[in-house]
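Heads up, the next two complexes both have subunit A, just with different partners, subunit B and then subunit C.
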Partner chain A sequence: MAAEVVMTVEMIKASQMGMKALGAGIAVGLTGIGAGVAEMAIGSAAVGATAENKDMFGLALLFTVIPETIVIFGLVVALLLLFV
Partner chain B sequence: MLAPKQMSRLLIAASRDRMAPVVAELYRHHLFHIEEFVEAGAEGYEGFKIGTPLSGASEASVDLVKIRAIENATSIHGDDIDSAKACTRTELQSRIERELPVLEKEVEDLTVRRSKLDTRVKENEQKIAEITPFLTLPVDLDLYRGYTGFTVFAGYVAREVTLSVPCEMSYSPGKDKNFIVIVVPVGQRSEVERALQEAAFQSVPVPEETGSPKARIDYYTAEISSMTTEIAEIHKKLEDVRQKHSGFLVACEEFLKAEVEQTEAPLRFATTKQTFVAEGWIPSDSVDAVTDSLIKATGGKIYVTVLPIDFEHDRVPVEYNNPSFAKPTQVLMDVYSRPKYTELDPTLMVSIVFPLFFGLILGDVGYGLILLAMALGLRRLFKGEEARQLLTVLRNASISTIIFGLLFSEFLGFAIPGLKPIMPSRHLMVEHGAHGPMIPDLMVLAIWIGVLHITIGRILGIINHSRQDHGEHRTKAMMANFGWIAVMWGLLIAIWSIAALPLMPNLTGLPPVVSIVNIGVVIGAVLAVVGVLLIARDSVLEVVEIPTIISHVLSYTRIVAVGFSSVAIAMVVNFISIGMFIQPQLENFSIFSIFIIIAGLVVFLLGHALNTVLGILGGGLHSIRLHYVEFFTKFYKGGGVKYVPFGMKRRFTED
Partner chain C sequence: MAGLKLVAAPYIYVCTRMRVRKTTLLPREEYMRMLNMNLPEITRLIGETDYKQEIDELGTTFKGIDLIEVALSWNLAKEYQKIQEITPGTLKQFTQAYLRRWDIQNVLTILRGKMQGAKTGKIKEILVPAGSLDKVVLDRLLAEDSLDKIVEMLKGYRMYPQVFIREYPLSKESGSFSRLENELYKQFYAEIIAEAESGIKGGKLFLDFIRLEIDIKNVKTLFRLRADTFEEDARSMHIQGGTLSATDFAALNTVKDQNEFIDILKGKIRQKSIIELLEEMRSEKTIRDVEVRLTRVQLEQMERMSKRNPISIHPILVYLEKKKYEVFNLRALARGKESKLPSERIAEYLVM
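And then the complex of A and B:
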């Protein structure tokens, strides 16, 4: 016979906290990958453009960080999960 | 303020023999933006031709090329040198005639010798590389060739070879390649070739040398080292030239550049056999002064007049007109695009809001002080105008960071003892009893900032359309911008009426209409629908963009999120270095602890250095991005022509 699993309130709370942490991790991790994939093409094009014309540097840097919004949203979701 | 400097279109006409004094006078004023004359199809300019350079143009350009070559060889940059007006015009002219040829010869000789030595060093290195494989055999290099009855194979193989024919073979296995030398009678040559081919043989040419490989390599190495000392000497001599003549050279360059620009100016004018006409732009407040001085310089034999501006076709050059406080921010505007002449110039707004955003994101007294020290320290290194402007922007941002650091009560991630945060707290690891991070408050604050920033952007959009557009389109575009504001605020009112949020008005108590729908929701919905209709009236396709209202406003939460990430990194660094390395060792102190404490300090320094760099990137890039992407897209197009007045800011010479 399997041992009966007793869950105390503390254990449930701890497990909920763990789930939240997992969720927060997934939110940041996956959005990070998403932002990375999006920045990949922009970044390489930006480096090419800057190599041809140095004045492009500012604009190129800017284009490169545009997909960063994705991971920012992930970070916001993670913060909300953990602290709200 | 909020608008570029007012420009007037000036037309100057005079006889050709007055060209030189007119050009000199215009150059001295450094105000006249020349509208270049294009021969083909210029209206009202039939029969005019592009002018020819004034006398002395080619001599000056030849000298300028020489000077630049010397500066290149001795790596002198005008930007790195403090401005000092050392010599007068005539002095400089005579010095150019006297000293320049000597200096040119000296530098040229040195550079030619240096490049010759460089090539010889490379040749010797190549020879060493060729001999190196043969080092494994104690055989003189001349013994590898000159046989009629034998063939010598030397090269790399993938594995050891066994030959059935009589031969002399030396096999020396190496790390990635194995070197082999085989001597066989000429008759067996083809057989050996076949066997070697199977072992993936790569032939190595036998160097044309005599004597033992080791002696040859020693010989070449000695040659290389003597040549490198010689190169170092040349470098020292060039450095001496640099020390001695850099002031003279930059002054010469400036002087000759001014000469060349002046003598070549007629290439941009319209001329006939007897007369010339120059058109261009000049700040309206300087028209009188320039006109008067031109008349004086030519003894009144000149015609100067202000032409009316045709906003449809003329590309009016744009010069910023900002208070000195906002001037450095112009560099951030130029990265995006210079405003059009008819457009609002948001530089002043950016110069106030950018440091605020930066401070809100980084918000730490410690990092603020580091950045302030950096901004002030680097000013000594960078003397170029643009770099200075950027450093001033960084200085303003770091001051704002310090102020917000006090408001957040943060110092390198620690709470400042005895200082309660006035802003909602961002401290992640808190002792019992203290307040943890107040995420919802901070988020709502960021969203408020976003809503207000975007609303201001849209209002500026209304102003821009009212200035730039005409007729029916003007009203429609203005109403559409109002529509965007209406949709955003309508949604906000509806949200406030449904749910109570911190730091936001609570409208849930308004009289209900149906179940949770109260009067606030209805008002909000009506506003939003009216807004959508107004947007659609201008352009139906724009309706697709409506979700960007939400995404753009939420994008401002990065102010909190990026700020939090830097707080988190700082706290982790503090925890690892102090909590894990230093504190336990201080409690049980032994000799060995010293090393661990030093390691802890290294972690502390490296971690905070990394976080400072991330702080500049995070704080700077995200703040400017919020301006470029979220703010400017609401009203700003840019694409104005830069105002490049004819003349130069003299740093080393006098007029």
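And then the complex of A and C:
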């Protein structure tokens, strides 16, 4: 007969905290990858446009950082998971 | 998927550069302004645009029409070489293949110039070293006085040796290089079609572009043959690879009635934009008008293709073509003004 695993309240709490940390990591990690992929295309086009016309720099930079908002959403979700 | 996207980054970069560069080309209003100017004013205006560097550099050596001619040729060559430098991967391969037509033009200019006894400096002014034969090679060819030696030297380069072996003796004998020119261009198109069909990624889009160009060229040739009273063997003028077959081409050349000719041609061509234009050609028009309209349709269609495929060879080729026509327009304008032609007459020659 297999030995029964007895879990204490502390162990369950620690496990929950671990799961939260894992969720927070995934939220930030995946949104980071998403933003990177989106920025790659926009960034290439922005550099190309700026190389031809220096006046485009400000606008190009603005367009390039727009996908950063996705990471901010991920970060907010992570913070909510960890601290709320 | 991420891997594929990463490969696409340099493609996006180059295609965007070409699209931005296209916006710097002279608009129609500028040409209209230039039509009311004299040659020194046109030179000054060109000197304030992208041609500034060339006009400044050459200003001390050349004057008047020569200055404009040389500055335009230099700028075009510089622009094309720069594009070849920045294009990555298969786009570079296609761009180089597309620009190889300038090798044909340069070699024929040298051969024709030498045959007519033109001065080396004068021939050099109108060369555009944008193809695989660079300035050094062209200088070496120019240094030779004998046509045979020039042709002999070309054997070491990718300049369609079989065509030269077959056609050069006949051209030399007749004193005209027109047949050699036709054959060289036919071989050029056959080779770039083969390259596009060799299974390289993006080849299909390149092929679409080439086919459109061949179609327009064949239609232009048909209209030219109609305008020309001299009966020629039409098949030798036909370029393979488009929607018109050699048989259709030859048959169309025998049709005398304009309406019948347009009806048959409309049935053979698949490009909607060309079909729409052909409808307007029913009334007799000058060959110059027909050619300018066809070129305009070609550029518009190419533009549409580049918008449909923004990350492909299309935006690059559209820019190459539009830049070429800008140079042609400026040259026509300058030459027209030099010859004191009325503005309305010059405007007929411009592709705006």
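Rule of thumb we're sticking to: the second predicted complex is superposed on the first by the 84 of 84 C-alpha atoms of A that agree within 3 Å, B and C clash if a C-alpha of one lies under 4 Å from a C-alpha of the other, contacts with A are read in each partner's own complex, and residues count from 1 in each chain.
Please note the rule applied: a residue touches a chain if its C-beta (ideal position, glycine included) is under 8 Å from a C-beta of that chain, and two chains touch if they have at least 3 such contacts.
In this text the structure is predicted, and so the values were computed from the model without any measurement.
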Three-chain arrangement built on subunit A, subunit B and subunit C clash or fit: fit
After the superposition on chain A, what angle is formed at the C-alpha centre of subunit A by the C-alpha centres of subunit B and subunit C, rounded to the nearest 10 degrees? 50
Considering only the touch criterion stated at the top, classify A:M17 as touching first (subunit B), second (subunit C), both, or neither. neither
Using the superposition on chain A described above, determine whether A:F83 touches subunit B (first), subunit C (second), both, or neither. first
Can A:T69 be said to touch subunit B (first), subunit C (second), both, or neither? first
Look at A:L30 in the shared chain and tell me whether it touches subunit B only, subunit C only, both, or neither; answer first, second, both or neither. neither
Shortest Cα gap between subunit B and subunit C in the overlay, whole Å, is 8
So subunit A touches subunit B in one structure and subunit C in the other; where do those two contact lists coincide? none
Show me the residue ranges of subunit A that touch subunit B in the complex, using the header's touch definition. 58-59, 61-62, 65-66, 68-69, 72-73, 75-76, 79-80, 83-84
Within the complex, which stretch of subunit B touches subunit A? 335-336, 436-437, 439-440, 443, 551, 554-555, 557-558, 560-562, 564-565, 621-622, 624-625, 628-629
In the complex, the residues of subunit C that touch subunit A are 2, 5-6, 8-10, 12-17, 20-21, 24
Going by the contact rule at the top, pick out the subunit A residues touching subunit C in the complex. 37, 40-41, 43-45, 47-49, 51-53, 56
